[in-house]
Structures are given as structure tokens and as C-alpha cells.
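Read from first to last, the chains carry the letters A, B, C and D; within each, the first residue is number 1.
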Amino acid sequence: MAPRNSWIKFLTKDAVQGFTDHVGLVPVSMAPGKFVTRVKLQKHHLQQDGFVHAGLIATLADHTAGYASYTLVPSDRRILTIEYKINFLKPAAGDFIECRAQVLKPGRQILVAESEVFAISGKTEYLAAKALLTMAAVPKAKLKKP
Amino acid sequence: MAPRNSWIKFLTKDAVQGFTDHVGLVPVSMAPGKFVTRVKLQKHHLQQDGFVHAGLIATLADHTAGYASYTLVPSDRRILTIEYKINFLKPAAGDFIECRAQVLKPGRQILVAESEVFAISGKTEYLAAKALLTMAAVPKAKLKKP
Amino acid sequence: MAPRNSWIKFLTKDAVQGFTDHVGLVPVSMAPGKFVTRVKLQKHHLQQDGFVHAGLIATLADHTAGYASYTLVPSDRRILTIEYKINFLKPAAGDFIECRAQVLKPGRQILVAESEVFAISGKTEYLAAKALLTMAAVPKAKLKKP
Amino acid sequence: MAPRNSWIKFLTKDAVQGFTDHVGLVPVSMAPGKFVTRVKLQKHHLQQDGFVHAGLIATLADHTAGYASYTLVPSDRRILTIEYKINFLKPAAGDFIECRAQVLKPGRQILVAESEVFAISGKTEYLAAKALLTMAAVPKAKLKKP
């Protein structure tokens, strides 16, 4: 359907700008309450020991859960992250990292989501990090411009 | 003292490479169990609504606490983040963000630290985020190369 | 002042009922955005290795932050815990545990607080746990009876 | 097999003493890396608004994940909670709360687990809380008596 396609188009574009553009985040797929993103790994994604920097993994976990939440709220709302917690289960390395996020509990004002970040090399993957996140759905009108 | 200066030099260089170089992180000061870093804000640090991206704030919170921890462990150890939790108290905007991290509980294998991230404009600042982090001090020899 | 005293009286009574009564929680002091509680340690507060059970420590961290938040919201609101994260810094043992909570960020709907739980023996104490918590201020009328 | 039965017997007994006995926790089932517990709800489990106290829910989330971890470590180790984060998705009420925990990442020294706490009334249930937890497997000999 046209509206749906335009919504996907909007989300895809909205999700990649500023910082997420700078770090190379790419949306992969979306569905109501779900969102998947990826980063093709390059040298500038690594930390001092050659693994993917936890900050990039967290950026994906956060941003992807934000857009999973965004698929569920009225179009006059924007998503802000209230807080999250993330466990790094295994140092990440490989060709890509991919984040799969889903909303655990929808809500008008507060949504709770979880994100899993996988490290992918060729056809193998492993779970590198898992996050539990709380999101606020804020009326656009209330979001003062910075 | 020479050893101390060389240690500061080493830390300062070690802390900025790969991802942290890419995002513009700069060390500001350090002391045993403490570390401070900064990012001069630019367009590519923002998210879709014009605020600093939570992923950048989290990157600073994590990395700065990692190096605060690193000041306290033997030189044959490296720091990996086990997990953290971060609360975003207020959308961040301004000239800089600055992260001040300190170790709450040192340890041979596990350290607990906290980070506060401030948004700074001219001479005013406000607390934009606070994180509580658990770090592992891993023997260098055990850190398999990725 | 009378209203203030009656508010303290109300808070003190409201804070100790059901589960908190069962575990022996006692309010110690309060101020705007702050609350302190204690438990006198007994055998039924311990876990399998003789330390204070993390569940009791977390109960104090949560409940005390809840009432620190409660001091700041209109009287037609009630506080529900959205989420928290707690780090156990050192196994707790001694005569008492005491929790000191303060609100980091007030808000009409969402408040962020932190709690520190100390283990106290005679005149010595140490920080046993630290928590970062997100609270919701919910209009009483919206809280459906269970 | 006898050893397995005696292990189950030991775990079941070890899991219920002191605080967990006081709050009425009962083990329901276990398997390698998994543990399930329950509490039959009574008045002394509730908070000021008639819902199950978050402290009890957290106690189950923590303790059950601890024993899920305990099923995977050598018998000369004990489990201590390093930290956890818990989201309360919906106020809990009903006949029982039941916690189902599983280890996400085993390890010799550090294990990561997750717990889901359900509120159960008759044949219906809903997810009331979800937690992500980090556990330490500590050699018994190193656990100084309190």
C-alpha cells in the first residue's frame, strides 16, 4: 500500500542522519514493533584492542529499539531514549554487526524494548550484546528545538 | 615524574583510536580512578531531532569509565566493558559534551564506575546523562586477537 | 508546621505496609527529593552464604527512591517503579543496612533517582550497593485497583 | 541417576533459606542453565497500592537467575550477583508470581542471565517484569564468612 510504503521510506530516511549516518548505520528491515539495522565494519569502528567499540554496539542497540518503538506510535510523536542497560556478552568482530530490536511493551507514553546485537562473519553469527531499553514517546510539539 | 608522564601520554594516545577518533573524543584530564573526556559538537553528532545522539553520549560514558578503570589496573591488563546502564536526564545540545568518570569500586578482575555526561554551552552546563558501569580487567595474554 | 508534619506522618506510614512491613523497613528521615530507610538485620534477611540477600538490598534501593520521588509530586499522584539497575559492590553484613536515596531529575511524569545502600556495624559503614532508578508519577485515578 | 537427584535436592534446599524462605519463594523446576521459582501471593507481598511489591519481583528475578547460573558452575563455586537491571512492564497482581530464568552466556567467572516474572491468575498469565543480570561464580574458599 502506498501509505505503508511511504511510511517505510520515511522511517528509513529518518533513521539515518547525523550521527547514525556518520557511523554507517543502515536499516535492514522493519515491521510493527520491530526494526533491524546493520553496520559494515571498518577500521574506524574498532577500539584499542581491535574489537568493535562498545559505543557503536550501544548506538545500534539504542537507535534500533528507538525505531522499533517509532513504528508503534502516532505520527505526531517522536521517540527519546529514557534509559537502557546493555550487556556485552562477547567481544564483537567480523564483517557486520546487526541489531534486531523488538518492543516488549507498547505504550502511549512509555515503551519498553529489547535489542540483540549480532556479530556476523560470512554465514556465521553470534550474539555479542543484549540490551533492555525504556523509550519515551514525546509529542512533537513538546520537543523544544535545541 | 617521567614514568607518570609517559603513562599519561600512553593513556591519552591509547584512548583515541578507531571509533573514538572517528567520533571526535578528546581526553581532558586524568587522575587515579578518574578520567575526563570531551567532544566538540558538530552536525554529525546529532540525531533526527537535532539533539546529541544518545549513542555518542553512551560512547563517552563507556569509554571514559573504561579509562578511569584503566588507571587503576596493572599494565598487563586491558579493560573490557561487561555492561552498563545509562539514564538520559535531559536532551543534550550545546558547544561540547564532557564526560567525567570515576571508579566507585576498584578490583583485580571487576571494577564498578560511574560516568556523568554534561552538556556545555559557553560557561553554563547541565547534567545530560548518568551511567553506572561494570568493567572487566582482562590479562592482555587472554585477549585473543579478533 | 502542621501540614508538613502531617505529610511526614503520612509518608512514614504509607511507606511501611505489606511487603516493606514484612521485611522490617523503617523510615529514618526525609527531605524534599530525599529519603532514608533502614533495616535492622536478622537471620531472615540473609542468603545462603550468610550475607544480606540482594533482594532485600534492592527492595530498600527501590522503595526509598520511590519515596524520595514521592516527596516531589502533587498529592494526587502515586509512584510506580518503571525500572532500575543496581550494582552490588560488596557483600553486605552487619547490624543494619541503610538506604539513602535522592532524586537526580524531578519531573511531572518521570523522575530519575539514585540510591546508595550502606552496611553498618557499630560506627563503621561501607557502601554495599548503588542503584539508578526511573520512576513514574501516575495520577491516582489512573491506577486501576488490582 | 542418584547424583543428579541429590544435586536437585541440594539446589532446592539451598535456594530456600533466610530471606527467600521469609518471602515464600518456592522452586518449581530446574534444568542446566534454567531455573523456575514461584511465590503464592499474600497480603504481606503487596505495596501501598495493592500491587505486588517491586522488591519481591526483583528478589525472584535475582535469586532465580542466580540458581540458573548455579546449575552450570563447578560445585566448589558459589554465585554472587554483580548487578542487574529490571523493567517493570505492568503492575503485578493475581494468585502467584512465577519467575523463569535462563543463562544467556555461561562463563567460568562471569555469567549473564535473564529472568522473566509472570503474574498468574488461574489459567491466565502476563509478563510483569524482565531483568538482565550479571553473576559472579566465586570460589567457595574466597567467600569470607560475614
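Operating definition for what follows: contacts are C-beta pairs under 8 Å (C-beta built on N, C-alpha and C of every residue); 3 or more make two chains touch, one makes a residue touch a chain.
Quick caveat, the model's predicted, so the values are computed rather than measured.
Enquirer: When every step has to jump to a touching chain, what is the lowest number of steps that links chain B to chain D?
Expert: Step count on the best path from chain B to chain D: 1.
Enquirer: For the pairs A-C and C-D, output the one whose chains share more C-beta pairs in contact.
Expert: Between A-C and C-D, the larger count of C-beta pairs in contact belongs to C-D.
Enquirer: Could you tell me which chain lies farthest from chain A when each chain's centre is the average position of its Cα atoms?
Expert: Checked the centroid distances; the maximum from chain A is C.
Enquirer: With touch defined as above, tell me whether chain A and chain D contact each other through largely the same residue numbers, more than half shared, or through different ones.
Expert: Answer same: the two copies use largely identical residue numbers here.
Enquirer: Using mean CA coordinates as chain centres, what's the gap between chain C and chain D in Å?
Expert: Centres of chain C and chain D (C-alpha means) sit 21 Å apart.
Enquirer: Roughly how far is chain A from chain D, going centre to centre by Cα mean, in whole Å?
Expert: Distance between chain centres, rounded to whole Å: 30 Å.
Enquirer: What whole-number Å value describes the gap between the mean CA coordinates of chain A and chain C?
Expert: It comes to 33 Å between the two C-alpha centres.
Enquirer: Do you know which chain A residues sit against two or more other chains?
Expert: Touching at least two other chains: 82-83, 85, 87, 112, 132, 134.
Enquirer: Based on which chains are in contact, what kind of graph results: line, ring, star, complete or other?
Expert: If you draw each chain as a dot and join those that touch, every dot ends up joined to every other.
Enquirer: List the residues on chain B that touch chain D in their complex, please.
Expert: That would be residues 82-83, 85, 109-110, 112, 132, 134, 136 of chain B.
Enquirer: Could you please specify the touching residues of chain D with respect to chain C in the complex?
Expert: Chain D reaches chain C through residues 14-15, 17-23, 43-56, 58-60, 62-63, 78, 80-88, 91, 93, 143, 145-146.
Enquirer: If you look only at chain C, which of its residues touch chain B in the complex?
Expert: Its residues touching chain B are 85, 87, 89-90, 104-105, 112, 114, 127, 130-132, 134.
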